[in-house]
Amino acid sequence: MVDLNSLVHDIAAEMAAREERGTVASYIPELAGVDPAGFGIAVVGADGDTHVAGDGDTLFSIQSVSKVFTLTLALGKVGDALWQRVGREPSGNPFNSIVQLEYEKGIPRNPFINAGAIAVADAILAGHTPKVALGEILRFLHFVSDDESIHIDSAVARSEQATGFRNAALANYLRACGNLRNPVDLVLGVYFHHCAIAMSCRQLAMAGRYLAFGGRHPTAGGKVISSERAKRINALMLTCGHYDGSGDFAFRVGIPAKSGVGGGILAVVPGKASIAVWSPGLDAQGNSVLGSAALELVSRRMNWSIFGD
Amino acid sequence: MVDLNSLVHDIAAEMAAREERGTVASYIPELAGVDPAGFGIAVVGADGDTHVAGDGDTLFSIQSVSKVFTLTLALGKVGDALWQRVGREPSGNPFNSIVQLEYEKGIPRNPFINAGAIAVADAILAGHTPKVALGEILRFLHFVSDDESIHIDSAVARSEQATGFRNAALANYLRACGNLRNPVDLVLGVYFHHCAIAMSCRQLAMAGRYLAFGGRHPTAGGKVISSERAKRINALMLTCGHYDGSGDFAFRVGIPAKSGVGGGILAVVPGKASIAVWSPGLDAQGNSVLGSAALELVSRRMNWSIFGD
Amino acid sequence: MVDLNSLVHDIAAEMAAREERGTVASYIPELAGVDPAGFGIAVVGADGDTHVAGDGDTLFSIQSVSKVFTLTLALGKVGDALWQRVGREPSGNPFNSIVQLEYEKGIPRNPFINAGAIAVADAILAGHTPKVALGEILRFLHFVSDDESIHIDSAVARSEQATGFRNAALANYLRACGNLRNPVDLVLGVYFHHCAIAMSCRQLAMAGRYLAFGGRHPTAGGKVISSERAKRINALMLTCGHYDGSGDFAFRVGIPAKSGVGGGILAVVPGKASIAVWSPGLDAQGNSVLGSAALELVSRRMNWSIFGD
Amino acid sequence: MVDLNSLVHDIAAEMAAREERGTVASYIPELAGVDPAGFGIAVVGADGDTHVAGDGDTLFSIQSVSKVFTLTLALGKVGDALWQRVGREPSGNPFNSIVQLEYEKGIPRNPFINAGAIAVADAILAGHTPKVALGEILRFLHFVSDDESIHIDSAVARSEQATGFRNAALANYLRACGNLRNPVDLVLGVYFHHCAIAMSCRQLAMAGRYLAFGGRHPTAGGKVISSERAKRINALMLTCGHYDGSGDFAFRVGIPAKSGVGGGILAVVPGKASIAVWSPGLDAQGNSVLGSAALELVSRRMNWSIFGD
């Protein structure tokens, strides 16, 4: 087994040489303009040391990776009652979520598909203003990452909001089914803004430590969440974290992880490491091509699959 | 942490006291007639010792649990080419598989849904007679379980065949899409018969050792399959092993496992144990109520979730 | 064959005696409060005489019947180019339209399902204000019915708008697919208001004359639309006019007709009569129970089925 | 209005000059080998005279057009009880019927989609042998067409049977849902054979007379079916007769008609004519390109739309 520092630098070098890099998301100009050559990686090991390579300090739009943190927050607020509004099953739906929503009468299959994350945002909003809810989300991220510089990229949020008609359809549909309690516009405001949070791999790997290490906060001490809840969020990342490529990612990489269309992936090796990778080129399922490839290498070289040695 | 022998006896005692036991499968008389009071458990630990309690030596129809073994065999025969015919994604479909099959043009989403397992049976059949194919499946089971008494319950197989029109629909549909190479009747013959294999928890836990212990055969020595393949099969069990309750099982139990409508579940704790439980009462998703409950207790008491301590 | 005056009074009497009346729409208070005992009928024959019975002069919310008139207007504005944005096939979908919309990439199957009518409203809006568009719709109705008193029930429109999240979902989805050119809110404003038009059976039967009589305006003279277009709108009413009960209505009644959840139905017997019936109790498909029954009697007694004598 | 004899010859001449002819069905060699240049037309008017042009005496495989006759027969046998097993709504499903069948629990939406016609064949079989059932179907055709030479093309039937896995899937699914009472193989035998009946346009137009003329047999005298039933079958042809192109055909042509993938169409103008056209090239929905075009011309020139003058 290699040491983590060599690992991240080797992988960054190998990824730099890859030619197949996928396609950068193009639905808003802020994402479309990102340089496809970027690749970053950061690993925080069990000893708390952080190893960063490539563009591991470059900020990117975390997009759906934010859903891991809003889920954590919503569970803290409403507990298991959340599961009456959102399921825990993979969506398994190549033709996407609004169909599922109609069949299952407004209950999104899991908190990581867009409809589910919108319901989660509604649970966080809970009658407050979007500003209060977003402040809470950011404070949570500052706390778990030990980094108060993390912020929302407001240009991204604006673009999301200006073009997010499909998400508006989902939110209105949830509301029609009685599964949204706050005004549609306010919930969407929270959702679009938390997806627009900008982070680096270093920050993201730091933020994921509580999931990798039994719910504990490695530096502040004490628990962010119970170890039971950490395990469950990890299970959801494994089964639902990569859209309709979740099964394949589990098969190839074998590590709980959540991806976003900004090209970032947060991966959690229980007891061993919190890992963040980033590269903006995506595959057909919307997952980072080099990010997935890098995590597959990490899994093999460190023998970190949760499915066996 | 408790010792395994106490564990299995404690759990068998607790399960005997449970009142909520679900509903026994009723689509064929051989299953409908099974006593709902039954519960068995067997655990083979890393030291090779087997711990059995309750009705752990009672034979039951393994049904879909057999798909783990036919998948292993088919991968041995055709390798990764199998994945051109079968996907690796959770089906995520409450209204079942023939819909998915049509949308995805005859490619079953994974090898554990019926359509996928029928395609796997076709890969094993490969131009031979059903008798030859079934002989091969049984010999594989005898080998991995160190038990030559394992056999097919022919009354179950006959009943399955006489009533299996939905599976016949799936097989014909696969054939219409060019994803079945042998005659429909022969493939269904193999499928119905391997689902009708009768095993006890003890035999099933023995048979699962190669998946728990890196592909190795603990007693014969050597490898049944590579450790890489064992991990991948475990990943498939985790994401797809409990029909449309797979996400929930991962969330609550956190151990790769495959269930069958006979009430059996094979669970694999990488590096630590191969576990079989059985109780015929099923929940709405077709998974054993007491079997799932028992595995949840095992996961908690032994701290065996793959998603963290 | 009976004379029309006896016909309408006989039928009104028979409907008054019926006990099975269906269920009044309850999604907004203005509809929920309508007296289920109501039944009205009006027939305008080829000679231009109008025969009215029962509550044939009571105003009701025409709801989806308005889609016949907005379709006529939109075809007048954009011609057959409309068919690039909306299909002409029955929806045949018991689980409703948003599913279809996703499968067919934002092209509603026909102009009478909600999604299709929203696209039609968008074609009428065409950059103007909702007020201008609604003025145009009302002027058209005043013209074809020879009745300037027809107006929008603004209480109904407000209630529709306050609870119309499912339609907002459809509109946003259309916009996401590029099949809505005006702002979602403005299009919905037009849609909700034209559905809230209040008319009596007498007014509605008058308004339908142009469809019954080859596109001609019986009193003003000249053509409202070409006879070709009138035939085509009639064909759409026959195949798509009763939601997922269209086939059954064609089978039982055999007359082109468009129903609305307010309990009104406009029926067109080519060359013979324009008929309006109203009774607020609906069947499971959302069509007026007594309205359908009355039209079935009209069809039989007058031998007015378009499918034979 | 032109006389019928000029009409059929004019149209045959115009169709011969058309270049866009669609694609001949290719799923069995017997259909794939048909000359795409073929076009035939036959019209039987109210006076009983028959007008034939082009290849109007060439035999072709009537395929789904046969479903009109089996429906008539099944209604004669079981009456309206048939409608408990088969619906009367357009399928409206571009992705085909097995999906619908699953959603609606084994009740085909109408008797003209494959699943519905298989259920109809089951109602005709009714415990007899396929030979008896097929004899009954042929005798019915001989009677209504006054032509005892009509027969089954056994080469076509054999090919259908050898490749009809999708229909076998449907039949097995119906059986799984309890909507098939005879053995799957026997029902499919009847179905494949009645689809393989060979007829000319002349024979087909003769066979359709009872539907055009109020259920009467023009030469034998008396009723084949009641006029009520004739109207209802015509309504079903209008709403469901052209697969997922039924709405469009009603819109463009406005005449009840049933098409088949052999390129034949039977069209019924109530009180005026029974028409058969044939040309093997199909459009994307599986309907004859020239056949539809010819009927559109007939409708316009004769003013025969049922939706107005």
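Letters A, B, C and D mark the chains as written, and numbering starts fresh at 1 in each.
Rule of thumb we're sticking to: a contact is a pair of C-beta atoms (placed from the backbone, for glycine too) under 8 Å apart; a residue touches a chain by one contact, two chains touch by 3 or more.
This one's a predicted model, so the numbers in the text were calculated from it and none came from an experiment.
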Can you list every chain that touches subunit A and also touches subunit B?
none
Among all other chains, pick the one whose mean CA position is farthest from the mean CA position of subunit A.
D
Whole-Å distance, C-alpha centre of subunit A to that of subunit C, is 47
How many Å are there between the centre of subunit A and the centre of subunit D, using C-alpha atoms for each centre?
55
Where subunit D touches two or more other chains simultaneously, the residues are 95, 103
So the complete set of touching chain pairs is A-B, A-C, B-D, C-D
Sites on subunit B touched by subunit D in the complex
95-96, 98-99, 102-103, 165-166, 168-173, 175-176, 184
Across the complex, what residues on subunit D touch subunit C?
87-95, 100, 103-104, 109-110, 211-212, 214, 227, 230-232, 234-236, 238-240, 244-248, 250-252, 254, 256, 270-271, 305-309
